[in-house]
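The next part holds the structures, each set out as structure tokens.
The same chain A turns up in both complexes below, where it pairs with chain B and then with chain C.
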Partner chain A sequence: MNNIADDLCRGYKARADARALFLAAAFFLLLTAMAIGLCIGASGMEFREVIASLLKDTGRGHSIIWMLRLPRIVMAMLVGFGMGLAGAVFQAILRNPLASPFTLGVGSAAGFGAVSVILVFGGGFQTWYIACGAFLFSLISAALILAVAKMKRASSETMILTGIAQMFLFSSLTSLLQYMGTMEQVHEVVFWFFGSLSKAGWREIGLAAAMILLPFPALLWRAWDFNLLSSGDESALALGVNVKRLRMSAVVAASLVTAGGICFTGVIGFVGLVAPHITRMVIGNDHQFLLPASGLVGALIVVFADTLGRTVWAPQVIPIGIVTSFIGVPFFFYLLMKRTREYW
Partner chain B sequence: MLKVMNLYFNYNDTRVLEGIVANVEKGRVLSIVGPNGTGKTTLLKCIAGILKPAAGTVVIDGHDADGMARRELAKHLGYVPQSMPVRFPATVFETVLAGRRPYIAWRPSRDDLERTAEIIEEMNLADLAMRDIDQLSGGQAQKVLLARALAQDTLYLLLDEPTSNLDLRHELEMLEVIITLAKRKDMGVLMAMHDLNLSARFSDTILMLYQGKIFCSGKPSEAMTPENIREVYGVEAAVRQENGYLQIQPLRCADLSPSRGNRIPPYVKDQED
Partner chain C sequence: MTVRDALGRNIEVSLPIQRIVALNSDVLEVLRTLKAEDRVVGVFSEMVRERGFWGALVERPKVGSWRDPDLEAIASLKPDIVIAYSRNPGPLLEKKMALFGIQVLRLDLYKVETLEQEVQVLGQLLGREKEAALFCDWHRRHIEMIREKIDGALTRPSVYIESYTDYHAAGPGSGGHEMCLLAGGRNIAAGLSIPYPRVTPEWVVSRNPEVIVKAAAYGNGYALKDRAPFNRRRDAILHRPAWRHIAAVASGQVHVMDSAIWTGPRAIIGIAYMVRWIHPALFPDLNPEALHREYLETFQGVSYRGAFVSDGLREAGR
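This part shows the complex of A and B:
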């Protein structure tokens, strides 16, 4: 090894270190945001009280922390992580900067799946029925997008149009279900849609965590192949990637993650599109870092937005989807204007 | 030796390649020439395993390519596309490092990084290493793609019109790099070429394709005759030796015999395996 080659290696490693640092920083920020969210709430508990309630049974405080705030924050974290991760995966496999669970209609499909389970089974369903319904329909919609992409060798535009068409279709189907449902059923559905994070219990969290976190290592394992996909199917094939199998398995995984994020909280759209882009602007397109970092950034946005939504208008709670857009969009615009490199 | 044996490829119902036979020897350069739409790129893609031939086999040093896993194949064959779509661009270093993919399990090892750095230096790309690939000129980008294929450390190299985006100087530079590599590393090179003069000058053997079939093959001076060029390209040309090189000078369009027909070449879309 001579000097120039040595320098090159060092340059690459320095970048990798910077990315790892970003990952660590995002993780630390997320923990901080969660801690802050835990301390803030309508009941006005003090910091010391929060800590005490977290650790031992103090009666009312203990139940506020363990039954209300903590589940809510953990759910926010999971949903954000899931949306960010799914967005990054969809963007990689479709090589499309506009792809996300939301713009591809996968989120609406999952929502429709969840709602139909709620309506069909009325009150007598189990939590995991909803998860199954959401997963089934997210899978169907993702498969449809893939089929269009394959048949027509679809351009970015075609795929997104297909996604948007699906989004409308599944929203309409959801409305139709509500229209046909009885009063109680509609109430149930609306509660589901707007209840958002407030309905999260530990049982739901366990299920969502399994759906979001279990596919994660498998996706991360393929990070290098996602990198190659961005230079086209041909290059990826020539470098030994089984593109077809990669795409299929990644779609199943990303649909599962999407369903996990959506089935208990309703459709939170924006995070899945924006978190990967924000992350990419900062650390580039190496999926070894991009996948976990998109998840962390997504989690950070949702946790932060939720805390904000609970405090600015307290004791009113602004639904999470609204706050997410309010803080995400300006920040995204700022980054768009500021960026010096073209990322898509 | 890389052997292409009796290869056929159909796109829908149209025959694109018919009975192609070719031998690529180590340390030698074989060029495929022929008019547009005659199947040069398709042939390369079939050999690289990007397209699946309807019939025929590719044998690499005695091993049937069809029985090889993709990763294994990528250790034997490097493929350099004409250009590469850019979405979410990576840096030059990362792009070349991607060539190490067949050897990388989860993350690149020290060896992979060193090998990448060496190749970047060899190809005089060091100054560009941390640039994004979408900020390069066409010539630089093509060099990066070649560097990526070299990072694969293969015995055979397939190149699709490696000089298509290059100006005069870069054209020569690129081809000189390729033949030097072929000789020094004892690599077998198979490239699709557009320019007859350049392919005559830089190749050991020429494979002339016409309408998906081999029209002729042999040494440049045997294949590049006025008769062959008239028949295949429909162009009257003068061929002579000058400054030690074969010179092909196109003169005018030849009168096409009615039997020749005007085949509309099918557009071959990519398919996944």
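This part shows the complex of A and C:
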């Protein structure tokens, strides 16, 4: 008996080592992608200039690095991390591969909140109001899901159906507002819906970081519960997990992460679906590793996509929401075709 | 009568035209210039936002959005002709209107280069040649005056034209680009390949434009009491991260312009403002505000009021 347990432990440790290695590799790749992104830009600064501007005040170059490039890259990293993390959490608690911040309507609700603010205040420069609107409505949508779930025993089907219904409701409301808006307002909304990192500043980054990174340890702490949940509500319940409470608290935490991810940059939604899948295909379903790794893969995709989006057709920028789909989907297909076992 | 429309097609229009549905503000404005507003039996719904400017025209029956009008509402008004832009709404408009024997004319009166020609076409169709000639002469006189002086200018200051959405430049093919060229500016986005390209803030900093002009649409510049909304938008541009390194920001040459004078029949007013900003020394006597007043009182029959641009920083409080 002991031998079998030892073997299991050894097997788990070996797999855990491999997963830790993946985490380290993803982290290293992310740092590399960020460094590359920092060195590339429209002003054509040379590598030495970039390093010098990074370290001391060189005037224009220093401003470009510290006020334009670095905030952009850090925000890309945060947004990608948040989307990947939120997607992994939603997929875990709903036990559904289609779940993502957008499937649950949280993204659409945040979008509606942002658009309402743009229409009420005239749009343009009130980034903070827009962020508050996005956050408020993502919370409202989470509350709505929770309310319905509470009445109907918080089954994953109920939550997904509520989410999809919400998604359509908020999309329609957004379209209605857009239809009624003036030309300027419509343009502002379009800017938001393609996703953009151009308006990211350090203050925005501070708030986004708080919203994305603060719930992370709490979610990681419940990683084993998510693991147990993947074998079904009944099994998890039998093993002592309070499924209902887990689901409720995770929805709130993941909504906060989602709102933090999109309230300053607009819709960069696809990453939330694909980053957890890519990660799961490589390292499996242990949420201790899956949660941080999904975040890292999400961050890697968005940072890479942003650098690509502003260089391939420079100086024209391809909106980040478009590029993430372009690089994420083919890679996702590749893994889907290559996999030999059912991973979900 | 055969006329050439904005798509370059020769189309046969049967006369007389007594009942018109106007699907956009540009054509409605030109109809008023031609003193043919009493023939307008239907208008696009968005025009109610410019209450005040349109006077009694606001009471005319609405036919829905300029982009996607209610075809049944148009048909029920039994117009002789519907006048729309070349691309919006789509070709379905002609097909459906043909069922009711209603003609469709497509004119792009927002383009400065073809404005006079299209006004003349409309003048001929409506028997308002005299009014059309009056406007075209006025327009041509000012355009030529500006062109002549600009041709003699020694420099072409670099200009960043930002369209309604932040960080979207006005590239070749856009109205803003055309206006910039006419005003003697060198558009930093002239070499880009689409009309409204998204650019990075860093690119604008690296191009270091001497003048920045931004388009804004508050729905109704005519109803504004002061320039505060434009000034707020200008200040937001002045405070964009790292933009203090741009020559235009350092010298306060950042301006915001209302959509009413940005392209369209009043583009000449917008061009006059741009000329004042880009080549102030060349045109010491040019007064865009007086030009606007003259246009509104002479051709539109309304008094001058409202706010259409931000205050110049060096002439603030003037």
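Simple rule for what comes next: the second predicted complex is superposed on the first by the 281 of 344 C-alpha atoms of A that agree within 3 Å, B and C clash if a C-alpha of one lies under 4 Å from a C-alpha of the other, contacts with A are read in each partner's own complex, and residues count from 1 in each chain.
Keep this in mind: a contact is a pair of C-beta atoms (placed from the backbone, for glycine too) under 8 Å apart; a residue touches a chain by one contact, two chains touch by 3 or more.
Since the model is a prediction, treat every value here as computed from it, not as a measurement.
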| item | value |
| --- | --- |
| Touching partner for A:Q288 - first (chain B), second (chain C), both, neither | first |
| Chain B versus chain C as contact partner of A:P97, first or second or both or neither | first |
| First (chain B), second (chain C), both or neither touched by A:S43 | second |
| First (chain B), second (chain C), both or neither touched by A:P71 | second |
| Partner chain(s) touched by A:P315 [first = chain B, second = chain C, both, neither] | second |
| Comparison of chain B and chain C by chain A residues contacted | B |
| First (chain B), second (chain C), both or neither touched by A:G232 | first |
| First, second, both or neither for A:M151, with chain B first and chain C second | neither |
| Partner chain(s) touched by A:W221 [first = chain B, second = chain C, both, neither] | first |
| Set of chain A residues, in rising order, touched by both chain B and chain C | none |
| In the complex with chain B, residue positions of chain A that touch it | 1-2, 4-9, 11-13, 15, 91-92, 95-97, 150, 153, 221, 224-225, 227-228, 230-235, 237-244, 280, 284-286, 288, 341-344 |
| Complex interface listing, chain B residues touching chain A | 45, 48-50, 69-75, 77-79, 81, 84-91, 93-95, 97-99, 101-102, 104, 106-107, 113-114, 116-118, 120-121, 126, 129-130, 132, 134, 148, 152, 269-270, 272-273 |
| Contacting residues of chain C [partner chain A, same complex] | 49, 65, 163-168, 192-194, 197-203, 205-206, 216-219, 229, 232-233, 236, 241-242, 244-245, 259 |
| Residues of chain A that touch chain C when the two form their complex | 41-44, 59-60, 63-64, 67-69, 71, 122, 124-125, 179, 182-184, 187-188, 190-191, 194, 196, 198-199, 201, 310, 314-319 |
